[in-house]
């Protein structure tokens, strides 16, 4: 038997967990905000924050392409984009692929995380932090949005850690926060947020969906399987004007070409609509979930 | 800390595994063909064969509905259905929901597994073994098919364990076997097989797809996320005449109503087409995989 | 890699645990008092109560010989012996090896445990339950002792599970209880109790030692390494008259021969004194531990 | 539940392992000779080489005191001491406590390990590397001994990793090697070696014992429980003249005082003899094991 002794036990619930063998430890330490491990597993370079897989070298493209492109392609001309979180730099990497984007403002609370990305996660950001269209601000995302002028952005992308008690992301999943996001979006603007798993935390997903639907006229949930998350991962779009479900495959293909959107590894016009499809069980859960996440009673992950 | 001491470590590769806490052990033993554990986990009653999750009380409906309904709805009038495997009895349960089905022949190699199902897996089979439309035969699936008269069935459903060295399922994923399946199908018949994971064993899926495509004029792959498999699970349809992708949502809905197809928990006409959608990476892998699984060089799972 | 999927994770603390591969499950269930698993591991048949290893086929002789023989050999003529606990039947097996013993009364609270022993643990009890010198009483050990006439026994052996909140053994490690044991012992009688680990629960051991020393004029602690406990296991003798440390090797050898004490696999006169030796660290801990375990404030295991 | 995700799984056999929660990673990397992890667990700072616990902050004193003091106290005046291995610096720390020692030569093959000790293991070496009585040589232990003049040392201490295929320690457990050790010892000299576990690798211990007994006139095995090894740990003394078992407690105490041997945390004159005591099962195993470890057929650990 080959000896393997360093392992991550990623607890999903108190009664189930995933074991990842650590081939090599690149970094392991605490910042002011979170505990960060950058290791090598069978998924390649593997980033964990507070013991939860954030993204891995081998499948981060599925998550990041699915987060970014449905929203940006739904907008006719996304010029100003705001990204909250996304410390690996892969979200801005995908945003920058759209040649119509003129400016990406990226807000991250944790400068150490950004430094670690620059040092260890080149395969994620691919130099995007140095792109002249990018402006990086180390700040609290909620405060930044609240201080921003109205109607500043075409797109807001929320790529932050799951809401757990004590995490800095808590206040980025509430009704009050989404109201602020609404305000900073232009009149045809739209937002997208990662929305946790539609399988092991479907109630959280449904709560985020419901909360956004109380702020935006058009709300759409979608999800995609991310292998290293062992689960379908959910996203919710809140939109003032455009509906991602009214775009035909032809129109999507046209926009992809027009924007010179290259080097996609997962997303394509033929999968766009399928991302929004859900089984009866999930549709029914969303239908019956009428829980609003507020600053007073924010939604939290089940574990 | 609450003490939890009985666990399943389900190895997916030598470098990753899943931990399931066992609340209760219902059965654990060996048959002539396989090692069977029926336990209770957070997924409810949980069936493992040779240490691999086969299905669980809480999400077996996703797997079984996805296995059965796309194929049966694609056929205009599936009257005679053959099921190989499916020892839990849930596959025939779903087949029987179609009122047009007149006869289901179920072949399983392992009579002990069937006895265990009858005793422990009532939530799966719901009494289907006693349905007068069902004929259960304990036999080797391959031999049964080879001895069957030509053009006997409208539908053949292959619901057997993954191909691993030494497993009785090995010879149910080869070119020669699919040729025999082709022969027993009527002129407008079609087959569907489970085809392993499209994430952690995508090459196996692609090989099964390629092999079936060398036998049937119409071949379609699809997949669905099954939580207890921690993965998208793949299926391949091989069809002589009907194409599952030419059915409109309206036509599907009409057939669902006409067949009085009730009590679906996952599948619905709105998700049918989405099941067949795949990311660029998987489409490219299928495109480039030209490996034929034969009796001489059968395909095996990577671990 | 050979596939091994059923495991016991025996938690020693929240930060360490032992993994035992389960080859086979013989029994797993709950009685009125405890949760019992009888499995096969690399230690042979392996008994766990409430997720804690109680004894295993391959090394139970070390524990049971060390529990019984130092005490019985210290007494000049142990004729009447009382055993509380010891459901596997191995403690009475060792007691019966002393031909001077005329009667062993065994008290166990859990009749189901006794039935399971008779069915699965033949290698432990070796038929001892049927020995005419044995009288088995299903009863609460504490109540039994409290109702017993004074000066009834030469030896009392306490072979019960570790004291944890909610366990039936809790009240068998207190000052009040040891007072009752003192009372039922004859004027030259002595008791011995298992006293938990002298490594990972040394404070518990020291507390039991201190508590017994407040009741008996002679108190001696000793310990032995039991592989399946991954630890030195402690015992405490409380004695009215005889001191186990005043016996020479010659005298011990003479008694072993005189009593026709055969089939010993671990204990011998040459190791008797060494069992009572302890490192400076443990001696100092015992010296400074002045905690009395009482019915009001009983001692508990750290986890 | 508190989230704990970084774990060591220390495999003892293919069917059992120990889980250690990693609070913090201090170092993890490869040298030319071995893979080294220095982490913090519930045992404090915890050193692993090739995935095996070497020593921990909380209990290294038990191992190192037991390795050094029985041998040094057995010798009437140990002046020149040779240590092979012992990279943590704790073995020389214990040797230096004997004020009669004039010179300690320490040989370690791995200069990186020494650098890591100096940086991370201050609690082990306590500055001993800078003691003027110490001479550190980075060299292959076997070659060093073979090149040394005859009759150079009073004591040789072998503190190297267990013999496993491919490890640099392999050739330090053979008949040929012990012959060389014999040669470099003065006429009243003695050697001591760690000799692996007397529980889970008792055959290896017995083989080392037998091999040394073919070289030295006096051979004595002993063992001590080391909590982080989850086992009794064995040592073997090979001696030309002195016998550790002929020393009375009084004589030991006298020597301890005369040598100003202070700050002992485990070893004392009262435990010396007990260390050499063994159960019948182990005595019988040693008795029947007649296997010689040679350069051609060296002894290896079972896993």
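Order of writing sets the chain letters: A, B, C and D. Residues in each chain are counted from 1.
By our rule, a contact is a pair of C-beta atoms (placed from the backbone, for glycine too) under 8 Å apart; a residue touches a chain by one contact, two chains touch by 3 or more.
Treat the numbers as computed from the prediction; the structure is a model and nothing was measured.
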Chain whose average C-alpha position is farthest from chain B's own: D
Pair joined by more contacting C-beta pairs (A-B or B-C): A-B
Chain centre separation (chain B, chain D; CA means) in Å: 57
Computed distance of Cα centres, chain C from chain B, in Å: 53
Inter-chain centre distance, chain A versus chain B - centres from mean C-alpha coordinates, in Å: 33
Multi-chain contact sites of chain C, meaning residues that touch two or more partners: 1, 4, 9, 14
In the complex with chain D, residue positions of chain C that touch it: 2, 4, 9, 13-21, 23, 41-42, 61-62, 199-200, 225, 227, 230-232, 264-268, 270-271, 273-274, 277-281
Complex contacts: residues of chain B adjacent to chain C: 1, 3-11, 14, 24-25, 28, 37, 48, 50-51, 303
